[in-house]
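In what follows, chain A forms one complex with chain B and a second complex with chain C.
The block that comes next holds the complex of A and B.
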């Protein structure tokens, strides 16, 4: 654990130095990468460790984005709005987890998938509070310059990613992580041996929600404008899964590595083949599933 | 009277929904695979009917006969060539596989057909049928009857034919079926082919009633999920009852709450049913 922690500190310090090297384009890419990293790390709690195929990331992301945006619209300061968004995602994940985590396999996957759709329609319909389909404008933070703002959101996302990573590392080496791995291997057996499976699963689900909720709120403040199809996009759920699959589910550095690699691929495809970028993403997923179902990390083990 | 009219609309819609869900439910029940492609197959079937009518003048009801073999072949090839390789993999991987394929197909259709909404407009129109106070458009009614007939044919195929019995046997116990001499991989391919056939055919019927676009695929996929959960997995009667129930619920939901709540209503229903009865309202335990 100590070695992992040291490596992680070195890595985050290196990422923190990025603004010295690049212009605002790189800063934007870096912020997006860290956001993807938060999504992937968060999914790793429930999907990688507990083995539950959750598609709820988009729901947490959108909920956090709207909670933060509405709080700011009603006059809350930005930092407080972000914390509020995290709290909202945490409470929502707890309630949702108690209800949904009794389902397994496909049923859980689908139930978690439609949550984002329901929230999106509800936000769409609650026009008074959320602006409905017209979206919601956020106040632009009073910071010195455009570059200063970009820098600010980059470091905010970096801090969040570091926090999520620390939480994942701590969870992996605690009773929680042990219990979750037991649940992944054989839930009934774990239950019989005295692991409180419901509690552990709900805890994992809450951890997979809270950081994504804050990331959604930071994203909303960063782009100044959100609308339901943007923040409740099911692709957020799918990307989180793909990134973890690329990196290797349940591993420590897999999610972050997957996020970086995925973003690079996405940016390349997006820049060069705008018309077919979702198709290329699909092809990437198909190839990944067919040839590297355990992630790129399995390559190293295979050769070793 | 309004209630009766809404009920009639709901039942007509529900007949089409049953046809949408029957193939999806069959694939899920037999192969234990969620075919995310199903929604896009429906849209593709719709485009086939649209172009058959606008270019060659083939009536949408007749174009089902073209769609059926084409979609069966497409599904069979996809399962035999690709998905069979991953059939024993965990849920997440098979789900990701069909999701990736769906992204490719949906993107391909977007490039080929653009995002414009298109609808088959029959010339001359079929008109409406008035029964007492009820008014029913003939095209919708015929489409519903054809949809239910197709679903019924699928039921007969599963219940009576040799290959149908083999499919049911594989669903019940794959190993035992294999020991009895059933070629399981081939049955998987046939099942997936049948599922695709139902999707393509129902798409051809839908294109006459609702505008189609590559963007509406996920909406139909969502409906198929809800129906499967309502009716239970892998059973054709279940899909039929679930489809009719969803059609009625959506119609009354639109009447009482407003059309914008139709989708959240059905999905909330889905989550509630899953929580209370994870095997579906009509499902049997042990078939998960």
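The block that comes next holds the complex of A and C.
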């Protein structure tokens, strides 16, 4: 665990130096990558460790984005609004988890998939509070320059990713992680051995929600304008899963590597094949999953 | 006779609308090996599930070591001292044998030294598990897996060990080996309740035997008496 922690610190310090090297394009890309990293790390709690294929990331992301945006609209300071978004996602995940985690496998996946749709419709309907389909404008932070703003959101996302990573590392080496691994392999046996499976699954689900909620709020502040189809986009759920699968489910560094590789692919493909970029990206993902089913992490083990 | 360790009376349980147990009464005394036999669908596995808290009973009582356990969670039952070795073994296939065993001690809070001591003891009883300790449990043979499952149950330091389908799918030589190990553990004070389809094995292993049929215990008697009972011989042993 110590070695993993040291490696992670080194990695995050390196990422923190990125603004020195690149222009605002790289800064934007870096911020997106860290946001993807948060999504992937978060999914790893429920999908990688507990083995529950959750599609709820988009729901947490959108909920966090709107919680943060509405709080700011009502006059809350930005930092407080972000924390509030995290709390909202945490409570929502707890309530949702108690209901949904009774289902297993495909049933759970489908149930978690529709949550974002339901929330999107609710936000659409609550025009007074959320602006409905017209979207919601956020106050532009009073910072010196455009570059200063970009830098600010980059470091905010970096701090969040580091926090999520630390939480994952701690969870993996705790009783919670051990219990989740057992649930993933054989839930009824874990139950029989005295693991409180319901509690652990809900805890994993809450951990998979809270950081995504904050990421949604930071994203909302970053782009200044959100609308329901944007932040409740099912692609946030799908991307989180794809990134973890690319990197290596259940592993420590897999989600982050997966996020970095996925974003690189997405960006390269999008820049070079504008007309057919989703098709090319899809094909690449299929190839990766076919030929590297255990993710990038397995490459190192094979050569070592 | 001494106070029974486990006394079940009027226990009823089932799945949804299907009632499986129709008032089960029997007792297991401390320090004995008891056996539960009966045909398919008699309710043996359901009874064990009800005893270990996996299936909440609708009626009846489960007295264990002076406390009432009917309706308790699996966690509480295990904490009270009943461990369950499930049918089909249910190991954590992608975890090492050692981790599987440690998982059995999940609820214990008596320190690393006690765990290490118990682990060593288990490796003495099942030397093959010591040899395979770093191997994934999924790569073990059927007999080794059953040993691993029994050993995992033992790691919770139970007073009563429930074993479902001890010999299912195992070679006769392995069954003998397992029976010897269980007898050795029993001599050290462990009480056992074993569900067994192979009635000959059951009668040989256990002192008391409980015959189950259609959700009730229809006979409880010393194994010796059952072995010589013409009805039992005809129904379960295939000899007249």
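Criterion: the second predicted complex is superposed on the first by the 301 of 304 C-alpha atoms of A that agree within 3 Å, B and C clash if a C-alpha of one lies under 4 Å from a C-alpha of the other, contacts with A are read in each partner's own complex, and residues count from 1 in each chain.
Convention: a residue touches a chain if its C-beta (ideal position, glycine included) is under 8 Å from a C-beta of that chain, and two chains touch if they have at least 3 such contacts.
The shown structure was predicted, so the numbers you read here are calculated from the model rather than taken from an experiment.
K.L.:
Return first, second, both or neither, reflecting whether A:118 touches chain B, chain C, both chains, or no partner chain.
P.N.:
First partner only.
K.L.:
Touch check for A:182: first (chain B), second (chain C), both, or neither?
P.N.:
It touches chain C, and chain B stays clear.
K.L.:
Is A:75 in contact with chain B, with chain C, with both, or with neither (first, second, both, neither)?
P.N.:
Neither partner.
K.L.:
Going by the contact rule set out at the top, does A:193 touch chain B (first), chain C (second), both, or neither?
P.N.:
In the superposition, A:193 contacts chain C only.
K.L.:
Please determine whether it is chain B or chain C that touches the greater number of chain A residues.
P.N.:
So, of the two partners, B touches more residues of chain A.
K.L.:
Which residues of chain A touch chain B in their complex?
P.N.:
Per the stated touch rule, the residues are 47, 53, 99-100, 102-107, 109-111, 114-115, 117-118, 121-122, 124-125, 234, 238, 241-242, 245, 275-279, 281-286, 288-290, 293.
K.L.:
Taking the touch rule as given, give the residues of chain B at its contact with chain A in the complex, in rising order.
P.N.:
28, 32, 34, 82, 85-86, 89-93, 95-97, 99-108, 111, 218, 222, 225, 229, 260-261, 263-264, 267-268, 270-271, 274-275, 278, 288
K.L.:
Of all residues in chain C, which touch chain A in the complex?
P.N.:
52, 54, 74-75, 78-79, 84, 86, 90-95, 103-104, 106-107, 152, 156
K.L.:
Note which residues of chain A are touching chain C in the complex, please.
P.N.:
Checking each residue of chain A against chain C gives 175, 178-179, 181-182, 185-186, 188-196.
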